[in-house]
Amino acid sequence: MLTYCKKCVMPDTKPDLNFDEMGVCSACRSYERRKEIDWDARHEELMVILEKYRSSDGSNWDCIVPVSGGKDSTYQVIRMLQLGLNPLCVTSTTCDLSSIGRQNIENLKQLGVDFVEVSPNPLVRAKLNRIGLNLVGDISWPEHVGIFTIPVRAAIQFNVPLIVWGENSQDEYGGPAAAAEDNVLNRRWLEEFGGLLGMRVVDLIGQEGIEKKHLLHYTYPTDTELARVGVTGLFLGHYLPWDGLSNALIAQANGFNTYQKVVEGSMVNYENLDNHQTGIHDYFKFLKFGFGRATDLACLHIRRGRITRTDGLDIVNRLDGKFPWEYLGKSLESILEPLDMTVSEFVSICDSFTNKKIFQRYANGDLIKDKNGNLTKINCDNL
Amino acid sequence: MLKVRVIPTLLWKQFSLVKGEGFNSWRSVGSVLPAIKLYNQRDVDELILVDITSNKSGNEPDYDSVAEYARECFVPFTVGGGVNDIQHVQKLLRAGADKVCINTSAYQRPELINEIARRHGAQCVVASIDVKKNAGGGWNCYSYSGAHDTSQEVCMWAKELENRGAGEILITSIDKDGKMQGYDLELISAVTSLVNIPVIASGGAGNYEHMIQVIESGASAVAAASIFHFTEQTPAGAKKALSEAGVSVRVGY
Amino acid sequence: MKVGIIDYGVGNLGSIARALESLGVTPVLVDNAMNLHTQDRLILPGVGNFTDCMHLLDKGGWTSALREEVITHNRPLLGICLGMQLLADSSTEGANDAEHGTKGLGLVHGRVMHLSKLGCNFRIPHVGWNSVSSTSGDNHLFQRIPDGTDFYFVHSYVFVAQKNCDVLATTDYGTPVAAAVGNGLVWGTQFHPEKSSRAGIQLLSNFLTGPIC
């Protein structure tokens, strides 16, 4: 049986989540503690760090802001400009960029920033998507690596030590820039935050004709290079109260485009708009752990008191974990085509990564699927 | 020449892959299958998978999941956790495990080791011992994933397990586990000098040098978990370092 | 190609089956000695104790059936680990009669005895990866497998062949150990090819594609 948080609707299968003796998850508790945070003091700390690392004479950019063009990165850039900084925005182009994703990238540039877009070799990227899906059940593996690696490489190449990330999944941590000592970003950081599922870039060499030279986009700098520039980073979400919906409103007021309806597998229309493969990525989270994007969002909004837990459960039951036949209007077949994969091969991979214990099955052990291929969890709430 | 083995250990709790520190602070870090597939892709020497909750829940081992994982594994696969009956062993082997790990059950009924060795062969029994240093400078054996002090002393217990037919001993220092600051070298020396069966050292590896040290202390194989999950160090990297230090390791085909 | 894995009540059949599946073959578990003839190739696994296994083989009618399939019908057979040892004339493992040992299938002449009896001073069982050297250059079983490739061993008893020419490959564990045997009728590997990663898969492939003796 799955155990769910008593306050939000997250199951205890989520990695790195703990439940206390009252049955409340650590993310909810972390959010409760936000009331106690002295945001003014945090803001002050932020200004001190920014002052410490920004260019002293305007001869270089003040910081690197990794961006995707989404609501959060749009918001981050708006804040950086408001704080008087001159950021260099850096993006590692996503796997299957949607047209709305492209519009939002262009919109972000129009806020008035210098922008570097580093696009990986799409043929290699497609192979990595396929390998990621086959080997660790994560089509977005190369994207995670790219997002964490490219801004760091940019920091070194442009000699800009400070990287301003957005939100941190582990709320308590502000980032190495905040530390009194040891504030250089190192390799260990990538392993901890990168979501690499234990796979390393070196594991790819030799697979499907991939050589070291094809993986430069994904190759993290050495500790020596990092130390030479003194690359460090901070999570803006530690210093400013962070809320996805607020970020979206502010971004929208600055030209950010939302989708014309609720995104497939989600419960909102204002995020995860740039990559057609995201539906597959989120679906595999559901198969492995029993929660998808709708659950993530329902929990965020329950914590902020916008919807009740009952409403959250209802939304999750209706929208979460649906088989990703299409995403942002693009069909699964077309999304899989560059990966040289058919839908039925995809279904086999889905089945192999499904944690069968958490879904309903027939007596012979086969998963029960409805006419659209959707699975049903063994329990959707605590009994 | 027989090679030293580098064995990634996967710890499994209900639905997730977990990592701990001192057998506590269990952190779920993902699901088991991707890890199995990854290690198989990397052509590791062996894999150990331990279910850390079976002994508490009293449930039988999860044969279906073991079968799924074994399907992806073309290197020796040792499975442990909650094995307390010869029938469990039979079913696990049938499901695809090559060796079975026995820990807590051996304290309750040591004859189980004899039975399994007799029926399935000593080579399929890995006797697992978890220890903590005691006040006297020796080590006490703990059962139930470190929860219960059996007050058995490690060397005597290891010898008894060998006499009963265990094929290998997997010895884990609870004190060092997850801290990535090195194995308990004294512990490994003490046990390896007493038994004549292979000893797999576990608990504490943080870098390749630690592995070299514990091999020099007499271990036939090194098991490790945190180092491979949380750092950029890999089993292949470990073997390269061991090889450079003059230790004989397997090179992939 | 029909490959049968002999299911006489012991053995980790799943691993062997999976290794064969990776070669595109769907093996059959043969649990009745009368059905041996339906298969093109046979694999004899073995885990446990020689005496207990021979008892099961005798009881199930396998002993005479296997001898007939191999000797009279030239059906290729590969014995793995204890399965290789069962091909011998006798073994002392678990035997009531310590001197003569328990009688084996007698398909490759030789005796099986404990490693310590051969002067091995290392830790026993012999567990882990060890390098295997072919005894002759044109050994089909080891085709495309470089000399010295590591395979996975896990055993305490070893096969001592009567004739040197029946030993196809050796390994070293303080003393030379027969890693593979074969005499044109049958083959055997002391190591586990199904657990020896890619090298093992290559060996199994060689067995499947080998010339019929």
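Going by the order they are written in, the chains are A, B and C; count residues from 1 in each one.
One rule holds for everything that comes next: a residue touches a chain if its C-beta (ideal position, glycine included) is under 8 Å from a C-beta of that chain, and two chains touch if they have at least 3 such contacts.
Not measured: the values here are computed from a predicted model.
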Original post:
Any idea which chain sits dead centre by C-alpha averages?
Top reply: B
**OP:** Please name the chain that ends up farthest from subunit B once chain centres are defined by their CA atoms averaged.
**Re:** A
Original post:
Could you state the distance in Å from the CA-based centre of subunit B to that of subunit C?
Top reply: 28
**OP:** Report the inter-chain centroid distance for subunit A and subunit B in whole angstrom, where each centroid is the mean of the CA atoms.
**Re:** 34
**OP:** Determine the centre-to-centre distance between subunit A and subunit C, using the mean Cα coordinates as centres, and give it in whole Å.
**Re:** 52
Original post:
Taking the complex as given, what residues does subunit A use to touch subunit B?
Top reply: 13-17, 134-138, 187-188, 190-192, 197-200, 202-203, 207, 288-289, 352-353, 355-358, 365
Original post:
What does subunit C use to touch subunit B in their complex?
Top reply: 10, 12-15, 18-19, 22, 47-49, 52, 82, 122-131, 145, 149-150, 152-156, 172-173, 192, 194-202
Original post:
Hey, which residues of subunit B end up touching subunit A in the complex?
Top reply: 14-16, 27-31, 33-35, 37-38, 41-42, 62, 64-65, 68, 228-232, 234, 236
Original post:
Which part of subunit B faces subunit C closely enough to touch in the complex?
Top reply: 1-5, 43, 45, 67, 70-71, 74-76, 93-99, 118-124, 167-168, 196-198, 220-221, 250-253
